[in-house]
Amino acid sequence: MEETPTTRMETFTDGVFAIAATLLILEIGIDTAHTRDLGSALLHLWPSYLAYVTSFITIGIIWMNHHTCVETMVRVDRTFLFLNLLLLLTVSFLPFPTRLVAEYLHRPDEQAAVYAYAATFVVMAVIYNVWWRYASTGRRLIGQTVPESRIIAINRAFNPGVPIYALTLLIAVFSPIASVFLTFAIAAFYLPSAALFER
Amino acid sequence: MEETPTTRMETFTDGVFAIAATLLILEIGIDTAHTRDLGSALLHLWPSYLAYVTSFITIGIIWMNHHTCVETMVRVDRTFLFLNLLLLLTVSFLPFPTRLVAEYLHRPDEQAAVYAYAATFVVMAVIYNVWWRYASTGRRLIGQTVPESRIIAINRAFNPGVPIYALTLLIAVFSPIASVFLTFAIAAFYLPSAALFER
Amino acid sequence: MEETPTTRMETFTDGVFAIAATLLILEIGIDTAHTRDLGSALLHLWPSYLAYVTSFITIGIIWMNHHTCVETMVRVDRTFLFLNLLLLLTVSFLPFPTRLVAEYLHRPDEQAAVYAYAATFVVMAVIYNVWWRYASTGRRLIGQTVPESRIIAINRAFNPGVPIYALTLLIAVFSPIASVFLTFAIAAFYLPSAALFER
Amino acid sequence: MEETPTTRMETFTDGVFAIAATLLILEIGIDTAHTRDLGSALLHLWPSYLAYVTSFITIGIIWMNHHTCVETMVRVDRTFLFLNLLLLLTVSFLPFPTRLVAEYLHRPDEQAAVYAYAATFVVMAVIYNVWWRYASTGRRLIGQTVPESRIIAINRAFNPGVPIYALTLLIAVFSPIASVFLTFAIAAFYLPSAALFER
């Protein structure tokens, strides 16, 4: 087989990212049995739309960065594959807290829902960092032809990930809604500019 | 890695299109707890079948055209990838308004449901146009070997997209059901004939 | 791009087949709110298991035959891609009648559910036949190096499809449960032996 | 077509594994209509998280081992493809017993739920063993260049599969919760170390 270990890993990874993103829409619901005015019900769903867009763009950009990182690698090992599986597990989990935000934002229990949402992003950022640090420390899995400057640039792009999502968790203590808007802003403005998919 | 930036983008895109189309069926439901005569209940589900077929064919043809467009490109940049992500976000969103039409067509709140459905198609057509115009203007991402006549042909195929879906939105003001039938007709008769997948 | 028109079509097709098969499990449900004895409830779910297994194996084998057919082709045209889209539309639809059988078999409304199930397979078989006849008639899309004996062998494998599923529909008039068991038998015994995936 | 029979099989297999893993999250639910304190409700969901993580990691590692096995093969035959389909059928079924464990663990009916969960893993392990034994016995489908030591190593990795999952089923007789924790431990500690994805 002409297949390399990295492409083998990428196939499963690609599938999980694309499916997790597309499943998000299933979490947006209207309780049709108890809806009297559909028009205003659709407008009052704005927390659902916000949560959907935020999670979708975040998954999309993380996926693209994932590919950029993997392109610097020539091999994978058992530990790395397991870290990758943990990363996918967190990405696949995202539809669940997304639904919590969609259903509870702007309602009495919003704080617990946003805690769950922000905490998921923190865990994802931590695992993603560990995943990259494992591969890049001592150039463990990195190809010889990849310039050191490229590794340093990726390191720099990874640095703010954990602090910025920790901040969304902290902000949720004071204002759940501000926390979600910050998560959206990260996805819409910060992540694209910091994204590694530039060539 | 032998991978090019466009194939990287295409993998995620392929997944999202195929999943969004296949998830549509999950939105067709029968409230089994309150169904007394299944046979007639299945016949009364025709708005669901109509919405399902319309959305499925539209996604399928947009996907094929997407491939045709990408085949003319030799590279992608950050902005284009973000536009592509917005396009996928809209395609993935489609199951939600499809369910609204499936549940509300021919019922009291049908107008709001059809507004949401038609508006989603308008937004999709706008983003799809911006996506293509960004790539093709000044041949920004287009390969040198691609003849100008091919770009012009694709431009021509894109031109009617936004106006025709804007028309379905306008018609929904007067007759929601006529709007959905027009969207179906576009998917079944107009899109295939205008499709870019001819060789 | 090194991509051929047939691989372009296959990517979307692969995705839809795999997703449709995997979504089937979502249709198996236990109404946890009203279940008192889970053990016996799980045993009484046998129509769900039967419907799940039948639909899953049928999709899997149709998918493998699809690949075998496409391998004989060197090009695709607009009409063929549209026929392929109609085939995928029917395959994606299958989870819906599968759920109907899962919920209604061995209950009062079973006949309507099994009519819907059998009718879906008939439509699928008809479209699949038209899809192949379109490609193979006059060797329209067939590669020059493919021996005529191969085309004849595939033709022969396609011949019983429509009659055999029409028979399941007919049998549903007299015994819905016998109809489902016949559909299962086709998937478990007939389809694998007639399958085109032998080399 | 440059495609080999094994890649043809792998595409469908990749899709089903990735989708089955990602669908798992849809089975974790909170009955939002009857939840008064979301925070404590989320903490009480720990059986759901346990079931989700266990099933996800198991699917991920089985998938990677699947690839490693297929890499030793140069061809597939009809029987093998059918065995592969049965394996996928079992993997796709996993979200159902996962939901049962998620909903019933630590509740009155937990034993039946855990029986279903453990039994599914036993069936999966049996089919997976048959699948590999069929391919490797007499090197039926194995490539000539693959050293016998590699086959023996894979055989050795397969040996404990059925007994260890049979043990989880046995333990469920005495303690359902211990059975689930053992299944988790297998996924988190045993499977990664026994995994075939080491190079």
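Labels for the chains are A, B, C and D, by order of writing; each one numbers its residues from 1.
Rule of thumb we're sticking to: contacts are C-beta pairs under 8 Å (C-beta built on N, C-alpha and C of every residue); 3 or more make two chains touch, one makes a residue touch a chain.
Model, not experiment: these values are computed from the prediction.
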Inset, instruction - Give the chains in contact with both chain A and chain B, ordered by label. - result: none
Inset, instruction - Determine the centre-to-centre distance between chain B and chain C, using the mean Cα coordinates as centres, and give it in whole Å. - result: 25
Legend entry - Cα-centroid distance, chain A relative to chain C, in whole angstrom: 36
Inset, instruction - Mark out which residues of chain B touch at least two other chains, giving numbers and ranges. - result: 14-15, 19, 23, 26
Inset, instruction - Considering only which chains touch which, label the overall pattern as line, ring, star, complete or other. - result: ring
Inset, instruction - State the interface residues of chain B toward chain A in the complex, per the touch definition above. - result: 1, 3, 5, 8-9, 11-12, 14-16, 19-20, 23, 26, 75-78, 81-82, 85, 88-89, 92-93, 95-96, 100, 103-104, 109, 111-113, 115-116
Legend entry - Touching residues on chain A, where the partner in the complex is chain B: 6, 14-15, 17-19, 21-26, 28, 30, 32, 35, 37-39, 42, 52-53, 56-57, 60-61, 63-64, 67, 70-71, 192, 195, 197-199
